[in-house]
Amino acid sequence: MATQILVQEIIDFLGPDLIEVYGEFKNLYVKHLKPLSSVDRDTLDWVNPSIVNKQEISEKSNARVIIVDSDVQYTKKIASQKKVLIIVDNPKLTLAKIGNNFFVEKYEAGIHGSAVIHPEAKIGDNLYAAANVVIGKCHIGDHVVLHPNVTVNDGVIIGDHVSIKPGAVIGYDGFGYERNEKGDLTKFPQVGGLIIGDYVDVGSGCCIDRGSLGDTLIGFNTKINNLCRIAHNVEIGENVVLAGHVNISGSTIIEDNVWVSPCACFRGHQRVGKKAIIGMGAVVTKDVPPGETWVGNPARRIER
Amino acid sequence: MATQILVQEIIDFLGPDLIEVYGEFKNLYVKHLKPLSSVDRDTLDWVNPSIVNKQEISEKSNARVIIVDSDVQYTKKIASQKKVLIIVDNPKLTLAKIGNNFFVEKYEAGIHGSAVIHPEAKIGDNLYAAANVVIGKCHIGDHVVLHPNVTVNDGVIIGDHVSIKPGAVIGYDGFGYERNEKGDLTKFPQVGGLIIGDYVDVGSGCCIDRGSLGDTLIGFNTKINNLCRIAHNVEIGENVVLAGHVNISGSTIIEDNVWVSPCACFRGHQRVGKKAIIGMGAVVTKDVPPGETWVGNPARRIER
Amino acid sequence: MATQILVQEIIDFLGPDLIEVYGEFKNLYVKHLKPLSSVDRDTLDWVNPSIVNKQEISEKSNARVIIVDSDVQYTKKIASQKKVLIIVDNPKLTLAKIGNNFFVEKYEAGIHGSAVIHPEAKIGDNLYAAANVVIGKCHIGDHVVLHPNVTVNDGVIIGDHVSIKPGAVIGYDGFGYERNEKGDLTKFPQVGGLIIGDYVDVGSGCCIDRGSLGDTLIGFNTKINNLCRIAHNVEIGENVVLAGHVNISGSTIIEDNVWVSPCACFRGHQRVGKKAIIGMGAVVTKDVPPGETWVGNPARRIER
């Protein structure tokens, strides 16, 4: 990966996101991103706008190049340190964009020899399929990344720019049983589909079931952390965040921009309104109106 | 799979489950199962007996063939729509039976070339072993379905008609440690077995550990949803339902017909009596008497 | 595995751990370990020092060889039964040591033909890599056991004597997003490492993420049960126990000798002090001081 990135390249990349640059950056470069505790001379450093002592942190940083917001002054001290300040509105978002462009290794398209792909699968352009990936008779969009041991069942539809981490299980039968005359459990048919929108990220070990009669839906740009379970017929909107170990029972609807904290679980057939926030370990047994914050077992509304 | 199923075939299949058929069904066929929102002309529709307006739903359905209970009348309106009503006691169970017989794809026996099977494993008839399945020196019954990436350890005994979804980990060492003289953790031997009864379903990503000295037991027809953890020496009875993300600690006993909701967890060495119901996210730290319903953290009995 | 172990071999193995042996053991042997309910003549039995009626249990045992503490007397009755009593300080720990030495099957070093290993991975001595293991460009120490379907990402550092159960996902990207100008989620770079200390055990299906900018750390001899999630930048100390389904959010610190019960979850950026005990299903949203016990949702301190 990147070893030396010229500041000039970063400035060109930022375009209109850049408010101002202070300091002399000709031939100056950075080499890596580092956490606060180990920032060195070659780090592209940044200062979180939400903290109090940003000026002091900028002055004490060992780095030569620092991304800050416009509250930080290009003082004589910083000038004398020959530091470069890159001023932007949102340093964290800017660092994310620069990091993704210059410092994050891209997965080159290619299918590992050990991947097993159904001959009738419809595969888009630039698929990255790592070792031991298993792909059924499904549709996969363009620029999809499937990490090792991911399993995609027949009938699944996956959009473009989707990333699925190792071991995730995509589109297998949901869990539905009826008791028969003797009281024994009889499986209810699971013949529905699963549709995953563009730019969805699915975490390691997640299990997302196909619908029973209809479809399970995961909306555009929704991000799902590790070890989540999403049951049959669940409908998740756009830009939803599901943190780790979240459990969503059958037919529940999670609307756009909802934020779900780790280990929250949802009863089936509920609706969680737009921009709701669900706390860690919340046990949600009712509908949650839009914009509300719910926590606890059982979950209740709190004022934020 | 099935494209056209004649109503006559369905009637023949139902046998004594059929109470009555109304309407002309000669040469009439259905093509698929659909959820309420997308029922069309070719759907085999059904009406849930527990809802109020079944007559109205039957009359408004776009389908030509509808499974209902005997509360629904074959009215002039329905007759004029040329609909066929199939009258049974339990339309949902009947739909399940018909669906499983006519609309659910069967897994044909066969072992994928990438499966790795111990040469001394004892394998029954008609095993379906998908890609990347790993089978140790164990016993597997007849008509077993192992989905991709399932791992079965040495010493496990699996009954007939067992289905295990992708990525499940079956019969590996349990989690037991003793502190040694220096206070460091030393593993306690995990040399017991795991016995899984007939008709058990195991969900994706489940981890069921072997016993430490004795055996872990999963009883006849028990159904386990995704991402459950079942620890060493746990004993689960017959027809038990474990929903997703359930966690059962070592040596706990779950008796027959218990229903466990998602994300419930159980302390070790407890006993949960027959037909008990455990609520979502319940943290069960005590014995639960038969037939009781427990919810909350810590879990307590509630009246239903 | 072991079929007949002479008592003499066990005594030689125990060395200074042995306090006394009573009874005639020339040519006497044991064949296996068994749970209390199925102890037979050939079992190496033991009596838990914490129970009340140890003398009675020793006298009623069907076994010929029993490990006990010095509270148990070599009575006339036991002598007449021709039993051998092995007296030690801690029978359970002693049984663990004997069991691990004589009765637990060792994994012989070797790499299964289906394992996929990056050509630049640095692998120590005596690696056991089972079927379908995927190893990136990482460092792996000596005497490491990787069970089937384990996936280790590039950049991970794994110490000596580490054991990782099936399906665990080691060192993939953490879960960090920033909202961009349009409110859409943009991934924050995940370029840090993951360092796993010596003698760590990782359970089946666990997901341990790499750091975002810094490293995720798992300390010496820490034991992690199945289906745990450890997020980016988490730091776990030495001899920590994480039971099943534990969820630790980003940048949280768990100090040495902490005991975490099943299904506990931790907010990010918290610190759990040494020897703290966290109860089952606890939802930990604050720092926990050393030595305290916290339970509940939200978790609060209790007196033990």
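Note that the chains are named A, B and C in the order they appear, and that numbering of residues resets to 1 at the start of each chain.
The rule we apply is simple: a residue touches a chain if its C-beta (ideal position, glycine included) is under 8 Å from a C-beta of that chain, and two chains touch if they have at least 3 such contacts.
Being a predicted model, the structure only gives us computed values, none of them experimental.
Asker: Go through the assembly and pull out the chains touching subunit A as well as subunit B.
Answerer: Per touch definition, common to subunit A and subunit B: C.
Asker: Same or different for subunit B and subunit C, when you check if over half of the residue numbers at their contact belong to both copies?
Answerer: different
Asker: Could you work out the angle of the rotation that brings the CA atoms of subunit A onto the matching CA atoms of subunit C, rounded to the nearest 5 degrees?
Answerer: To map subunit A onto subunit C, rotate by about 120 degrees.
Asker: Could you tell me the distance, in whole angstrom, between the mean C-alpha positions of subunit B and subunit C?
Answerer: Each chain's C-alpha centroid was found; their separation is 31 Å.
Asker: Name the residues of subunit B that each touch 2 or more other chains.
Answerer: 114, 132, 149, 167, 205, 227, 245, 263, 281, 297
Asker: Quick check on the complex: what are the subunit C residues that touch subunit B?
Answerer: My answer: residues 32-35, 37-38, 90, 92-93, 95-97, 99-100, 103-105, 112, 114, 130-132, 147-149, 165-167, 201, 203-205, 221, 223, 225-227, 239, 241, 243-245, 257, 262-263, 280-281, 295-297.
Asker: Name, in rising order, each residue of subunit A that touches subunit B in their complex.
Answerer: Result: residues 114, 116, 132, 134, 149, 151, 154, 167, 169, 172-173, 175, 177-180, 183-192, 205, 207, 209, 211-214, 227, 229, 231, 233, 245, 247, 249, 263, 265, 267, 281, 283, 285, 297-298 of subunit A touch subunit B.
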